[in-house]
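Read from first to last, the chains carry the letters A, B, C, D and E; within each, the first residue is number 1.
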Amino acid sequence: MQKRLKEKALELLSNCTVTRVLGWKTGEFFYDLTPAVFETAEEVEKEFVYSGFSGANLSKYLIQESRKQGKVAVFLKPCDSYSFQQLLKEHRILRENVYVVGISCNGLLDMEKIRAQGCEGVTAVTEDGDTLTVDTLYGTTKLSRNDCLLERCAVCKSKKIVAFDELIGEQGEELESNRFDRVAELEAMTPEERFAFWREELSRCIRCNACRNVCPACSCEKCVFDNEKSGVRNKAIADSFEENLFHIIRAFHVAGRCTDCGECSRVCPQNIPLHLLNRKFIKDINEFYGVYQAGADMDTKSPLTDFTLDDCEPSIVHERGGVQG
Amino acid sequence: MQRIGVFVCWCGSNIAATVDVEKVSQVLAQEPGVVFSTNYQYMCSQAGQEMIQESIHKYQLTGVVICSCSPRMHEATFRKTCEKAGLNAHMVEIANIREQCSWIHKDMATGTEKAVILGRAAIAKVHLNAPLTAGQSPVKKRALVIGGGIAGIQTALDIADAGFDVDIVEKQPTIGGKMTQIDKTFPTLDCAACILTPKMVDAAQHEKIHIYSYAEVEKVKGFVGNFQVTIKKKARYVDETKCTGCGLCTEKCPQKKVPNAFNLGLDNRRAIYIPFAQAVPKIATIDADYCTMLKSGKCGVCSKVCTAGAIDYKQTDTYIEEEYGAIVVATGFNPIKLDKYDEFAYSQSPDVVTSLEFERLMNAAGPTGGTLLRPSDGAHPHTIVFVQCVGSRCDDEKGKPYCSKICCMYTAKHAMLCREKYPDTDVYVFYIDVRTPGKNFDEFYRRAVEEYGVHYIKGMVGKVVPQDGKLKVQASDLLGGSQLHIEADMVVLAAAIEPDETARPLATMLTASMDTNDFFTEAHPKLRPVESPTAGIFLSGACQGPKDIPETVAQASAAAAKVIGLLCKDSLTCNPCTAQPDELMCNGCSSCEKVCPYGAITYADKEFRGPNRTTLLRRVAQVNPAVCQGCGACTVACPSGAMDLKGFSNQQIMAEVDAICR
Amino acid sequence: MMETIRRISGVNPRKCMKCGKCTASCPAYDEMEFHPHQFVDMVETGRIEELMQSKGIYTCLSCFACVERCPRSVEPAKLIEAVRLAVLRQQNENHLTANDIAEKLDPELPQQAITSAFRKYRK
Amino acid sequence: MSVTENFKPTIVAFCCNWCSYAGADLSGTNRLQYPANVKIIRIPCSCRLNPMFVLRAFQKGADGVILCGCHPGDCHYTTGNYYARRRMTLLFSLLDFMGIERGRTRVEWVSAAEGAKFAATMNEFTETIMKLGPNRRLEDLRCRKD
Amino acid sequence: MTYSYFPGCTLRTKGKELDQWGRAAAEVLGFALEEPENWQCCGAVYPMAKDEIATRLSSVRVLADAKAQGRELVTLCSACHHVIKRVNGDMQRDADICDKVNRYLKLDTPYAGETNVLHYLEVLRDRIGFDALKEKVVHPLTGVKIGAYYGCLLLRPGKEMGFDNPENPRILEDFIRAIGAEPVIYARRNECCGGYCTLENKSYATKQVDKIMDNAKAQGAQMLITACPLCMYNLKENATNGLDVKYFTELLAQALGVKEEAK
């Protein structure tokens, strides 16, 4: 795959289709791939990487990149393409300045999961079908690839690339996904248990803003949490309330726009399952207002800017099942 | 820092009885920014207002908090007071310590404590208030009247006489509406045509009135003072500028079997027609559903006989765009369909007719030339039964819950005319109640009973059985305590009336509200009866509720007066509390635009300074302050908080929250 | 008693606007001394005893014409049935007994005539 | 629990200007009592209520927050309450998901004619909050009053 | 298509043929009628009292049985149809009755009016279609002028029965057209024939029947058809000088050419 992407990048640069290519390169570690812009063939040859660790969703970078001189090529995995289309819908990306190469995807890897299976000091990971060969300082282990997928890939909602100029690999389908199972599990708990669960998780938040910075929906010119006039400006967390506030407001602001790309949880250094908040909104929206997938098309109204005359009342929250808090 | 004055009103004892006003003014005097605090018996009185004005000067107040009755009561009063003293009207906040405090609490300590908190919230808000100036939006000095019945005609004539241009849009080929089909009018028994047709001609000849007949409103955009309306002129396949209305084509057309809608299908007309002799405009129209030329391309008789060369089979619908300052709805009514009331055998016998059909049967221009004859066999009826309240006053889904209002009177008229013209007829009227509130109305009804010998029977008809050329009527006589069996020749049903079916989609276009019966809602049921709650939309005639002719005409003129009052102005003061985007923070994502009910938000590409001396072109929201009504839906839809609402800003509301929760 | 009738029937006689369409529709008018609109009125004014004594409660044909045609959804037939039930539910007040049947039988009579008579006229 | 016994809850009621604020006025005009714990903030329309305001109220010490607006279909701005309805439904659901007591938030549609309903709603809501006790799950300790 | 089928008392005894004709016709038209085991009498009169459930139980049993089979329930006798349809409506709309009935019956799964109740005529109209029926007719009753007699129970109360326009129904007229005959519209076709008082007061029943017959004759009817066995009996037996009255399934079977086989 990496070879095909590299060839495509070189081709697009050499035939002047684009002036830049947005892809991935190695960061501090081999599994720590970061987004990068390549302007020359040399850079591509030398630095361009695509591997099981190319999880980063590149769509958000196009907000800036598409406004610069010249056209930019971008590689989008299926879930990235949803984010891309959602941003297009919000007029955030200038489509004419972007050349989208859609790439099929069979799931990306989570270093945490590899480590969790006893692999310390990992020096290389090679893929061979469903098997991963993990080289460590202490020897080599073979793992099942499925056991090492990122959470979002383990419950992948769609292999369909919804926007592209060109495809590498096969176009996929929307999938039946059990991604809401964990949300449902939490819903089944008592309010006390849920409260304890979230306290436990959110109390670890260090307000590094990684979730915000990576999120394609969190792309405001100026975030309310940085804005003096918003009344909620807050750079560091001083109180449990502020931990809650930041994540509630963040989830609310992306509700109806979040494509469930899972980047927030992937980048969280404290491993807080932030995507569960967004998924809760998606699950509620699906149940209350009909199934809606942000970014799936260009014209459906977002559920929060839409309504029907006979929408459910907010009291549904109080009346439906579960233990009264 | 603002310099705030606090004024606590006693409202006589209304507030002072449960709120320690002295203490409230003392405590609030300690709040930051408060430079003056006092209390007074009646703040809204002349003396109270003067005290506020003096204090503004004396203490150089930049903000005023009045702790008094509801802002819905006196906010406007106090704003004016302060404005006169040179303070911006929007630097005034009211703390509602009467309706929401003194009147609902009995305990002085509780009331006082709450009043202080409400005062603090108002002070906190004033700290963040900024002077607001209302914008002005120009008024397009032209009115649109939708519906060309007696209501629409009267409204248009009155507006035009005041010197403003008026357009009438009428969906039928002629104006005149229901009144053209009526024979005589109660309680004076004037001939309807004799009093209506001159008005129709007046309207047509008035230099300020333009009539779009056979036309419908297609689209409405804009707002009070500045509506943009698209009118669809339906193809009538006759060139209006050429047709002389000679009527030759309507005699020569070979398609003779077209039910005549003007006579409610009681006789036939041709496929090309002029609805009636006094039609305005008197122009022929081809009924595309029946014209063989239009359907199969074979015929062309009308074209051949038309010396003016007015026939145009290729004509298509055309669209006209026009701007208006005000819109009057005059869409009128129709009798309901009677398919759910077939116990009266309406569908089974042609001799069971509606009251409107009966009008045509009595009318000299009607299918029987004005002689009352049974539709089935053309015989003179000798026994006629009138049934009242058919579909009115029903609480089931078959009928209407309201009283149709006009039926009692027109039935008395029908009964009277029958007895007068044909004294040998027996006339029965079955009624539930006889409702005759109106000038000379009850006298009229009594005349029908006393002078004309109409049999009024308190009771209802349960079943009509057509048999052997007769209508066997089974009815109750509640006062006589019997079940009656009458062999009638005709049965006349006073069908309930309902708003025209075009009213509902029109209301949606106008964003004017309607009640559950599809009547337009008035802005206030008593005090603003001819205005819709939507600014710039006015109501004339039966579209607002069942009405007889005198009432319709009165309301039509009232609506006209309101329209004239609006069109007299060169510009309108806008709501100053409008949404305002901070362009630096705007993402241009269109979320706000999608929730705006007024279409007040548009987008523009603007250049912004980027890093390293670059410029960035960004899409940012723009609010038209003339259109924005200040609901604030956009402010919450905006994820970045770029959109805020003047007068109810995020910071102001949060300051109030803080003060209350403190 | 008034309450009992209203409970059994579920009818609110106050909805009646006294138009008389029920009585105008009633095919059994001649067989009843009190007529449908009177049932409504008398239940409202509490004249239940008189209704319970009346023969009309057995001559109502349950044809539902009054229910169908009532513009106010009052459903007089339900009131008549409720009065009948109030009578039948009292001790020994069956209007029809098995002994009465034999003499009324004819060979063609469908079962449902008997079943329904029992249902209507017995506890 | 002594805290609960002396518990004087703070309740913030956001009322739309056209229906519910007028409804609250009417309950005053009719002298219908409801607890003084309820303090009303006037907003132009229920759709003006930003979830941030709700959270802010809890942060600063509110024990319950209620939004009142025109009945669906009667919005002065025609559609505002429909948006408010969706927003609050989702917000309340998320708060519930995070373990915040369900009873602390509520939306009620109160028309200008429903003074009695307004008072009844406030009595009922205050009672619910009294039962729930002070807001401890969504409080900012720095703003704690006792 | 298979339907649960509730024949009722009369069609099992005095009115056997009416039932057999209906079944034979169903076969030709391609639907099957299957009786639930151990059905009981519907009660013949709809219990209007809101405060009792005993009289509703047998109807609920057969409704619940149809639900368990996953079938719609078809009735042929209009009295049965009336009773079962309205009891089903009670189970849907009256929470109190529904609750009491379920507690009394202790069914495996609670019943709340899920079964769809269809009259045989509704099957012809809504499932088979009168046009399709017309195509299957082998002996059209050409030239016969037939008056439809609806009576009360199929139509009223219109809101609950949802069968046809209660004041101007057309389903039987459409049926008459489908079997090749000519319908005669007459106003008394939905007026009560007095069937319920045939046991107690024959002269009264006769008065009602005669009015109906006169009206039908005056409008030109040569015979009447009906969908209620009790009406049929009453119209036949108590008329002073009446027209011939037939059950609609007889004419249906005749038109489809299966009348003789059915016997």
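Operating definition for what follows: contacts are C-beta pairs under 8 Å (C-beta built on N, C-alpha and C of every residue); 3 or more make two chains touch, one makes a residue touch a chain.
What you see is a predicted model; the values in this text were computed from it and never measured.
Engineer: Any chains in contact with both chain B and chain D?
Structural biologist: A
Engineer: With chain centres defined as mean CA positions, report which chain is farthest from chain B.
Structural biologist: Between chain B and the rest, the longest centre separation is with A.
Engineer: Which chain is the middle one, judged by CA centres?
Structural biologist: Chain nearest the centroid of all protein C-alpha atoms: B.
Engineer: Could you compare the number of C-beta pairs in contact for C-E with that for B-E and name the larger?
Structural biologist: C-E
Engineer: Using mean CA coordinates as chain centres, what's the gap between chain B and chain C in Å?
Structural biologist: The mean C-alpha positions of chain B and chain C differ by 47 Å.
Engineer: From the mean C-alpha coordinate of chain A to that of chain C, what's the distance rounded to whole Å?
Structural biologist: Going by mean C-alpha positions, chain A sits 72 Å from chain C.
Engineer: Using mean C-alpha positions as chain centres, tell me how far chain D is from chain E in Å, no decimals.
Structural biologist: Chain centres of chain D and chain E, defined by C-alpha means, are spaced 56 Å apart.
Engineer: Give, as an integer number of Å, the spacing between the C-alpha centres of chain D and chain C.
Structural biologist: Centres of chain C and chain D (C-alpha means) sit 52 Å apart.
Engineer: In chain A, what residues contact two or more other chains?
Structural biologist: Residues 224, 230-231, 304-306 of chain A each touch two or more of the other chains.
Engineer: At which residue positions does chain D touch at least two other chains?
Structural biologist: Touching at least two other chains: 51-52, 56, 79, 83, 87.
Engineer: So which stretches of chain C touch two or more other chains?
Structural biologist: Those would be 65.
Engineer: Chain pairs in touch?
Structural biologist: Taking the chains two at a time, the touching pairs are A-B, A-D, B-C, B-D, B-E, C-E.
Engineer: Using the touch rule from the top, collect the residues of chain E that touch chain B in their complex.
Structural biologist: Touch list, chain E to chain B: 159, 165, 167-168, 185-188, 191, 214-215, 218-219.
Engineer: Touching residues of chain B toward chain E in the complex: what are they?
Structural biologist: Answer in residue numbers: 339-343, 345, 347-348, 396-397, 463-468.
Engineer: Help me check something: in the complex, which residues belonging to chain A touch chain D?
Structural biologist: These residues of chain A touch chain D: 183, 186-187, 191-199, 224, 230-232, 238-242, 244-245, 248-249, 251-252, 255, 277, 280-281, 284-285, 288-289, 303-309, 311-318, 322, 324-325.
Engineer: Give the list of chain E residues in touch with chain C in this complex.
Structural biologist: 8-10, 13-15, 41, 43-45, 47-51, 55, 77, 79, 152, 155-158, 166-167, 191-192, 194-201, 204, 208, 229-230, 233, 236-237
Engineer: Which chain B residues qualify as touching chain C in the complex?
Structural biologist: 343, 389, 393-396, 398-399, 432, 458-463, 474-478, 483
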